[in-house]
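Each structure below appears as structure tokens.
Shared between the two complexes below is chain A, which pairs with chain B and chain C, respectively.
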Partner chain A sequence: MLEYIVGVMNYITPTKNFEEDAVMRNIKISAAYWFILPAMLFFILLAIYPSAFVLILSFFATGKGITISATHPSFANIIAVWENVNFGKFMYQTFFYAGGATLLHILLGFTLALILNILPLNPAFTRTMRTVYLIPWAITPTVVAILFRILLSPQVGPIAIYLKSIGAPIVFGPLGQPAWALLAVTLTNGWMFTPFYLLMILSAMQAIDPGIYEAAVVDGANGFQQIFFITIPMIKNTLLTLGMFDFVTTAGYFDLTWIMTQGGPIKSSEIISTWVYRTAFQSFEFGKASAIGLILFSISVIVSIIVLRAINKE
Partner chain B sequence: MYKRTINITLSILIVASFMLASCQSQPTSIPVTEAPVATEAPVATEAPAMEVVEITYMRQADNPEIELDYVKEFEEKYPNIKVNVDSVPANDNYNKLVLTTNAGNPPDVFMSFWTASAVSNNLIMSLEDYVDKEDFNKRFSSAGQSYAKYQDIIYAIPWRAGSSVFLLNCKMFEEAGVEIPTLGWTWDDLTVISEKLTNREKGTYGFGLVGSSTDYATEWQFWPFLLQAGGKITENNRAAFNSEAGVEALEYLISLAPYIPEGFTSMDLNQIVDLMVSDKVAMFQDGPWFIGIIQSGHPNFDICVAPMPVGKTSGNIIGGTALGISPLSEHKDEAWKFIEYMTSDDVLTRWNEATHNIPPNNAALEQPTYQEGPMFVAAQVVNQPGVIPANQYPESDALNGIMRNYLQAAYLGEMTPKEALDKAAEEWNIILKQYDN
Partner chain C sequence: MLITRMPHWLKVFSYIGLTLSAIIYISPYLWMVVSSFRPSTEPFAMGIFPHSWTINNYISVLQDQELMGSFFNSFKVAATAATLALVLGVPAGYSFARFRFRGRDLMMSFLMVVPTFPGILLAISLFVMAVRFGLYDTHYPLILANTLLNLPFTIWNLRTVFEATSREIEESAMVEGCSRLQALIKVVLPITLPGLAATFAFVYILAWNEYLFATTFISTNEKRLITTTMASAIGQFNVNYSKLIPAAILSTLPLIALFILIQRYIVKGLAMGSTKG
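For the complex of A and B:
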């Protein structure tokens, strides 16, 4: 945004020398800002404006509804959220969900990308598998959630039916068990979004100069050494960026959890996004819901700052 | 150069405005296939002849689409009123109403099954100025009226209403040599029948109970047993279900666990229905609308219906929907005309017969459809003593969610029934206190 304003200022402010090249350069730079203006407007309308409204609601909205009812800003909503007896539990569950899913995406994505990148596979097979791996990501989250609800059903799900057929003594129904519900949702998230991260990591791997690997082979490095001393260091920034992006987006992800468990059983899979939904649309306390959203936003900012600092250090 | 920059800027702004406009969602509307052609003398209407007024009707997307035929009939009868139909899944109706009302553009007419909540949050207007109360009381059954009124004021006009019934797999009953229960059967009978119909080795179970955190049926299936134990849901705007009667009801349901499929705390109604039509579950209880749902999905399935059993007393809840008008509607008269048409005896009779629902109007209840078979039983139970309408408390979504949460805790053994009901009541009262007058 700052660069944009500077760009516009450059356009409207006369330059010190009036040589044609300088004028042309200013006009070219400023024309570029005009081209990104629609995207900026879109971003402002769909991201900045709603975020600002949420901020205002969290400090100025009290009671029910989305009207601004307080005449001066108040921390009442944030304090009420902080003092909620389940605040710590929901925060922990959110971190578990976001952290667990992120770890799964990155580790599994990395492994699969490595397989596709390193193994001497038929190129046509590699291309096909890359497409096949994308299928989970291409399915709508609602459909995935319903699919896994059926898959994990203790009576009609294929896993439970198979376990029964081999005489397993357990009742397989993780979505109805407090100890397993959140893990089941986390694994579903892992299944669904790993393909995206696989693609990103694979692209990063393929950008590494093959000459480095050749040199490593000449120096006697084995496969594991190549992975740990070449591949990972070379794509470390990509992994960090993806991890940050993944954590922040997963922490706010709503669809899967709501459709699969609605935060149950006994709030064992309640995360911040479902808590926000409940507070806003069942209890109509939009001020409190905005305060919860603000807390989630703050966490996302802190995580982003930590990761960006780690990247910048490189 | 300057002119070129301006031209480029203007082009970009025009494209950007088209992009932004295209991103806005509009309610779906019934396509008008052709201009209405009068084949007979038009019915006299009070609406202005020339100006076409558009109203928005938010319906439950889960309802059979035959409902849209009646909307088309209304538009043909009133060519100056166009109805934009917004089909929203039942579970999302209330949320959408809240959002659109807060945004200032709610639907003019909507289908309500949470009238108390809607009244408490100013989402629905009183229809007392439009309705002849005497005619209303004559036309509609007490079950139908209960869903349309709150604190004795008419806020909506009934569309369908029915009390919970037991839905049975006739074949499983016949093979086990068990008679279909009739009016007056008791909790003890339910236990005995469930046991007779259970064979865990074969994977067949006598009783289906929903315990999922995602399904309204979890608390819906508890309420009748609470009432049959002599309990109440609320009293004087406070939770009353954590009484001895409530504990007794919950303990009774837990005692049926040996006859219920394992893992029922992750099972929803759809799965119970699947198990029943697969001859794995002999019976479950829910609204009579499931008769139509099961028959339309499985036309060859032989379904039987039984009334609710009796505990210390008889008791049941009524579910249903009613059509209401938003207080923010700019076309209240036209909205009322639409409701008047859709809730006429003719339309209600046709709709409920076609969809195997229980009609809320007495004229429809006298039709042959409701004089025999499963529909007869379902229609009769509505008039049993101890029947109360469901969701007669504000923020019913939130309160029901709390109840569901603690019922699960009791089913899973994480809490005793007493602990679970007490905790639920505690959280209910925090919310209910906000609505003390």
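For the complex of A and C:
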């Protein structure tokens, strides 16, 4: 954990030049802490303390409910999770979901950002396009899940109705089919969150100094060379950071999957977050749920460390 | 930037192509808007688009006690959470923007790490806290959870807002005899009002959109938020689409408009985390 924070810290905090005001420096220090204190207290009370409690639950709460039943810490919960017959399946599905969605977000976001960035179009038009593309991200996730449940429904969905009207021999209802449910949720996630990554990648591209491109043009670089030797290297760290953030948050993302499929049919779209929810709030095995959650958190930390190492190496 | 000159036909083609692809991209939502006007008597199988149009669906949503109650609950939770986030976030963001102090970098890194913490784990821990303090099935844990989730962004965004203002104005106010807090309230906040309002609006939108905590902390139907009410409606055996779809539009369209209005004030704060370094 400490290494994680230090790693993040090294990465995100460039040494800034502050205009130093020697006279006021002494007053600044005490005021600075007083101003931050309320927010930090809030974090400690509502994030750090409860998180420590989850850690305790995973080692001490062996039965159902939120009371601490054991007097000695035990690894019973973690072992039970590890030995669950579905453990490998759920892990694979989580990686498929998070990895697939991340890939979609970054690839599609990058492509769209590149198109919006390189074409010499009216800036007002480009801004409008950016805004229109952002709309899916601004829709309530619950409504996105409901919308795609309707769109992909075999009874009322327009796709199924169209296929029926042209006499297609298949029943279209991917959310009800074990082979397709996970992919359908992954694509929905892609549709909803790509706009956010488009926005982030575009703003990184726009931060590149135009002078670099001009110099490259003088040296005879063509469009593709400019993309591969200027644009991509310049935003590589942004892409890696975004990808990391994306993978970690998607692996723990709950809303879309839960409302669209509840992890079904026959657990074919169950991911770690829905598994934790089911274990905690439907089976009331809070100790076990905390143990699964800790595995999820460990994955986040490991992925973050790998990516941050890769960035720091340069 | 890369391409400086383009033949005229290609330019026209790009305008048309981009417009079309953007419309196709948001077409699922457009279909939902159109479908909200489908009369409740018309079966979906009759066609992809409604044959006749009606606003009766919207009227029946507005007359639905349960839905309107959920809308109001969502408003209450989101507005309170956004206010609380701003109350806590303004001094913190100001401090990060103006002071250099020991532990500053560590605290800002901490703010970056918080959003990667799995929400589902936070749900368990906050659920346990809520039950222990007897606050289960009330809106209080929900408000606190939403404040907590959005406080890191609030602080980051307000920091960029405050950094964009000149420190000379407040320093001259302090020379005039204001304390730093007074200078912040009387001088800095009025000139940063657009940024503050945008941050408030964004937190409001995110809190309105939140589902996981809303479904975890609330069990009584009357206390449910609009997200949980809609999610349970789609899970029913006989879904009343002529009520659900307009309700979904009513719950999203105003927020999308608000989001479009404020987006330029939040992009910088959002991008900060990813493009720094």
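One rule holds for everything that comes next: the second predicted complex is superposed on the first by the 284 of 314 C-alpha atoms of A that agree within 3 Å, B and C clash if a C-alpha of one lies under 4 Å from a C-alpha of the other, contacts with A are read in each partner's own complex, and residues count from 1 in each chain.
Heads up, the rule we're going with is that contacts are C-beta pairs under 8 Å (C-beta built on N, C-alpha and C of every residue); 3 or more make two chains touch, one makes a residue touch a chain.
Owing to the predicted nature of the structure, the values given are computational and were not obtained by experimental measurement.
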item	value
Chain A as common anchor, with chain B and chain C clashing or fitting	clash
Touching partner for A:174 - first (chain B), second (chain C), both, neither	first
Which of chain B and chain C A:259 touches, first, second, both or neither	both
Chain B versus chain C as contact partner of A:298, first or second or both or neither	neither
First (chain B), second (chain C), both or neither touched by A:281	both
Partner chain in contact with A:148 - chain B first, chain C second, else both or neither	second
Which superposed partner A:267 touches (first chain B, second chain C, both, neither)	first
Partner touching more residues of chain A, whether chain B or chain C	C
Partner chain(s) touched by A:43 [first = chain B, second = chain C, both, neither]	second
First, second, both or neither for A:156, with chain B first and chain C second	both
First (chain B), second (chain C), both or neither touched by A:249	second
Clash-bearing segment of chain C, relative to chain B, as chosen among 21-29, 201-209 or 237-245	237-245
Intersection of the chain A residues that touch chain B with those that touch chain C	27, 31, 34-35, 38, 42, 66, 149-150, 155-156, 164, 259, 262, 281, 286
Of all residues in chain C, those that touch chain A in their complex	1-6, 11, 14-15, 18-19, 22-23, 25-26, 28-29, 31-32, 35, 44-45, 47-48, 87-89, 91-92, 94-96, 98-102, 104-110, 112-129, 131-132, 144-145, 147-148, 151, 155, 167, 180, 205, 208-209, 211-212, 216, 227-228, 230-231, 234-235, 241, 244-245, 248, 251-252, 255-256, 259-260, 263, 267-268, 270-271, 273-277
Chain B - residues contacting chain A, complex	1, 5, 8-9, 12-13, 15-16, 19-20, 94-95, 98-99, 102, 121, 203, 211-214, 261-268, 271, 274-275, 280, 395, 397-398, 401, 404-406, 408-409, 412, 414, 431, 434
Chain A residues touching chain B - in the complex, by the definition given at the top	27, 30-31, 34-35, 37-38, 41-42, 45, 64-66, 149-150, 152-156, 160, 164, 171-178, 259-267, 278, 281-284, 286
Residues of chain A that touch chain C when the two form their complex	4-5, 8-9, 11-14, 18-19, 27-29, 31-36, 38-40, 42-43, 46-47, 50-51, 53-54, 57, 66, 115-121, 125, 129, 131-136, 138-143, 145-151, 155-158, 161-162, 164, 191, 196, 199-200, 203-204, 207, 210, 213, 223, 226-227, 231, 237-238, 241-242, 245, 248-249, 251-255, 258-259, 262, 273, 276-277, 280-281, 286, 289-290, 293-294, 296-297, 300, 304, 311
